[in-house]
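What follows is a set of structures to go through.
In the two complexes below, chain A is the common chain; its partner is chain B in one and chain C in the other.
Our next item is the complex of A and B:
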């Protein structure tokens, strides 16, 4: 049994923003990086299934697209317990369809029983890579999954798909399948220090990107969003702010 | 071309918004209705030029079915742009259609314009902190997932002709079995006039009782963002947002909530929004009426002192 988990190292923007000279992206000096929240749930779910059903030789394989620096996020997954990691060496930012094209051949070669992606990345919020990848791999798929009951011998899984308002759609899906994993499906484990140290020693396989075709979009211009009317800023220290909040509340609840 | 959004026999308001979004682009607006009996949904809104009914053997959404239907519609009508809602259903098939047909693609689009022949879409990046204008490959249709509530709903009173469009459907590989309702909670946050809403900024579970007490003291009901429910700190009946409750209290006081699009979807029409966040660039300030760049614990301590 093999589960491939596609993960992303996301960029986190701090308090200040400056743009690159061509104004097509944020200046990388203003970014911090982390494993995408959704992908930590996807990794946990794969590890959980391996532990639950698994036998000798079962594998959880992590795949990511990016330059060498994204290996930090991949090592987080290895420290959680993933067996192997493969990085597609591509350092330019890419749209979700392009990312799907870049990982598809790597996932295909692994011929996994399940493929997991996070529902979305916190920096991109496209919620598209998983579904696009399923198409390229010709796999059945379900997006926004909050529960999985998989019967490998029957070649079927029963999953809960979470819709707007928290309504759950109980769906039966043929496997192999690709599922996009929603937060809350489990409680991702913390890696202990020893596991983190060991993960640092692990070899991450690097593959060259395949032909990816034309991008699905090009960023023409990136800019700070218009503030609209903007929030009226409550000035002063915490005591002043608290007083103003109470005034506003009292007035609005009248 | 837009695809009508419906769930359990009800047309979603978003369908009207998609019509308005489509009007930002050139050309006739076609509404495709994919359902067991598409004629039960009245999509004859102002601005609609044509309705295409795609009858199915089933009522509920399945992504293989929608994908096949949309691909057949695209092949037949050759639209310049296909607009779907940025919804859980669309996430399950829209990107697949775009990948298969090599279309221009973006999701969570909240602005649209036509410059000459070129579609320009605006969407956010980096957790909603920056916006970007996107352009798409020349000579290819675009498929865009449009953010709910970003466009005004189209009004009733159109008179577009309807035609039927038959599609041969494959057996679905992911099949709808049944719906399960979200669990009911002890309180109904949707009826509160004043919500004190806390997010991941409160740090850990031990902080919850403090904010429960503060809510009591202020005469507010406590609500939360999703991560607190995911972590099991609060029941999901308290969750505000796209996958939780949509609320519209007189006052929404948000402490330590960043303002992710799915959170905003559930509260941005509140009468008065007050946000406290240490990050001056937090997206919540874009919808808040009053904002304080401050540590929520300091402000909470001062609110506790007042009475």
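Our next item is the complex of A and C:
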């Protein structure tokens, strides 16, 4: 059994923020970095499945894209109990489609039974990498998963996913498959400092980026939205308020 | 007629032979039992031997012989045990003397000393101590059967009614008292029948036997009737006595062996300085997860427990509806040890246990371990030296190693790692409290100062505590103390991180603090946080640092004594003082805060639980970072404490000298419904008031409401 978990080191904003000189990104001096919250649930879920169903030699492999500094987040996953980590060396910011293109050949080579991604990243909040990766790998995929019952011998998993409006859907999927994991599916374990220090000794495999093609979008400028004149409080029932909002938006777009 | 008696009067040779055979059997069973125990203890991890054996021996002898630990907080029970102990010891010694006379002195040396004056003295001595034994047993039976204090009841907070599984212990307790009483009684009857038989005048030296013997004669029990009764009684007493000796390693009586051994092996720094985890430890060698992880001396301690329940009565968790009783934790572990390594395992008596099976979950539930405040009340009062606190800490370490913990605690530990403080605040905000001052506080990293003030997390970030911190800064400046702080280089000292069981993070914090402090020039370290005080003073030794660390109560006293602080306005307040666990029980600092309070004129009224019996506020051991585990209807430890203070009557101020106490008790005054009846003051705030300087210090009007995660 092999499960690949794609993780991201996300940027966390402090109290104050400034942009880089070219105004295309946030100045890294104002950022802290951490393992994406969704990815810690994905990692925990993979470890959990390995512990429940796995045998000797089964692996949880963590894959990430970024410069050497993203290894901190990867080491957090190793400290939780992941067996190996592979970093695709790519230091420039990348959009979800580009990330999926960079990760796809690495995952392909590992030929895992399951691929997990977090539903989204807390800094990008685009929720696109997982789906794009499934498409590139030609794998069935289920998004926003909150429960997994997998029968590896049958090559089939019953998964529960969250839909909008509090609805749940239980569906079956043939494995190998790609699942994007929602928070709350489990309780990610604490990566203790002893384990983190030991993970620092572990080698993280670094691979060169493959052909990445055209980016899906380019950031032209980042700026703080101009401060408005003051808020307007809308009164009335929901329908009235909706109507009023539509009027305001239409007016502004003119 | 020579005053003496014959041990085997009226017994035929084969009966005497049979008697010696019984002695051999009894001794053999006893020895086999002791060997079994030692084999059990050897299964533990690590060595059976202890350091400094001689000094430990003397210390143990003093503690056991004077009953200095046993008599604490219950002098009546202490007296009961004292009478039983010396009664039993003297009667046992009497038997040994008799054996020496009959089997060695007389036949081998031809020395017959068991007569005349020696015999009379012997008789009197044994009679008096026999009576003492009975009196002691009566006291204990009264305690257990009639008075039934909380500590002796087998109710436990972590199981449902009738689920305590302690029925065998109740039987064992009474059987132990019963058999000793039976032995004492049959001993006296035996003596009385003997005296009734011939009524020799010298036997008046056995006053009790003489009196009862006379009564027997009055009833016509004399001559051969008495001799027959004596014969029967002789065998009954003898066989039961030999049976008792044989049973010692297998029953409650085992404490006669295990408890002194436990006292001897007790680490005097137990709980105060936790043992490090070896750098090369594998995950299943971190902390305790199976019974085989326990070192031999802890396995001895499990058998040493006499179920006196003093820990149970002192524990703030047990007494506030948390699922933890230190007594029951130890008894559960003893059950595991017996079922996995002990005699029960050997004889296949259920419940059996796999020695390699995890003890975490069953029977030791994680919520039980997380309930502990590591306040040391149990370790401090245990009369047999059991080290509950480090044992709990070791099991927590295993849970931390497995990554299993409450999510609030997990978030706190993660933010301590990321930010260096438990508030998850940026380091640059650590010294923001100084902005309210009308003077600058030295950055000790840049310029030397006499005093390096290690502020601590709660004192730095919590709004109510910032007021105290600012007041202390003003007091120090007023007294002309040259001090500086570390600004953003200070990290959480790691006291509670270590007590949670996160040794790796503790080491990390310690390294960072040592690196920051070692680059500064100062004479001593000051802190008003007892947790930081304890850890900086006692737990940074691995780095070979030689710091002199003082608590602000000590420094304030010094400043008053030197005249650098002159309390001009006498404060005629009626106050009570709460000893912080890490200052009092951990470090023995009891008097300095009280002396400061006396120097400013306040009238100190002690709460029933003070000094070493202080009752934890409920925040210790990392509990302040965890979600609530107690039964909803039970009052919090801090609320019970405020009730205790209010019950003293007419108390103006509840005085504390620990930032976590400020937070906990400001909250408890509100939630216990005593708002308006009593107010909280930190020691420094009263000192400042007594200095009668113009600028008022706002107190108690903000903060203290929320528990920070």
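Heads up, the rule we're going with is that the second predicted complex is superposed on the first by the 225 of 254 C-alpha atoms of A that agree within 3 Å, B and C clash if a C-alpha of one lies under 4 Å from a C-alpha of the other, contacts with A are read in each partner's own complex, and residues count from 1 in each chain.
Please note the rule applied: a residue touches a chain if its C-beta (ideal position, glycine included) is under 8 Å from a C-beta of that chain, and two chains touch if they have at least 3 such contacts.
What you see is a predicted model; the values in this text were computed from it and never measured.
Using the contact criterion defined above for the overlaid structures, shared-chain residue A:1 touches neither chain B nor chain C, since it reaches no partner.
Among chain B and chain C, the chain that touches a larger number of residues in chain A is B. In the superposed pair of complexes, A:80 makes contact with chain C only, with no contact to chain B. Once the two complexes are laid over each other on the shared chain, residue contacts for A:32 go to chain C alone; chain B is not touched. Of the two partner chains placed by superposition, only chain C is touched by A:191; chain B is not.
Judged by the touch definition given at the top, the superposed model places A:207 against neither chain B nor chain C.
In the superposed model, A:15 lies in contact with both chain B and chain C. Shared-chain residue A:131: touches chain B; no touch with chain C.
Counting contacts by the rule stated earlier, residues 14-15, 187 of chain A appear in both its interface with chain B and its interface with chain C. Contacts from chain A toward chain B in the complex involve residues 11-17, 26, 31, 95-97, 100-101, 119, 122-136, 140-144, 158, 160-174, 177, 180, 183-184, 187, 213-228, 230-234, 237-239, 241-246, 248-249, 252-253.
Residues 14-15, 32, 34, 80-81, 187, 189-197 of chain A touch chain C in their complex.
The touching residues of chain C, counted against chain A in their complex, run 277, 283, 286, 400-405, 407, 410, 413-414, 417-418, 426, 502-505, 507-508.
Listing the residues of chain B that touch chain A in their complex gives 7, 60-61, 63-64, 86-89, 91-100, 102-108, 120-121, 124-137, 140, 145, 173-182, 193-194, 218-219, 226-227, 229-232, 236, 239, 242-246, 250-251, 253, 260-261, 271-272, 274-276, 279-281, 283, 285-286, 288-295, 298-299, 301-303, 305-306.
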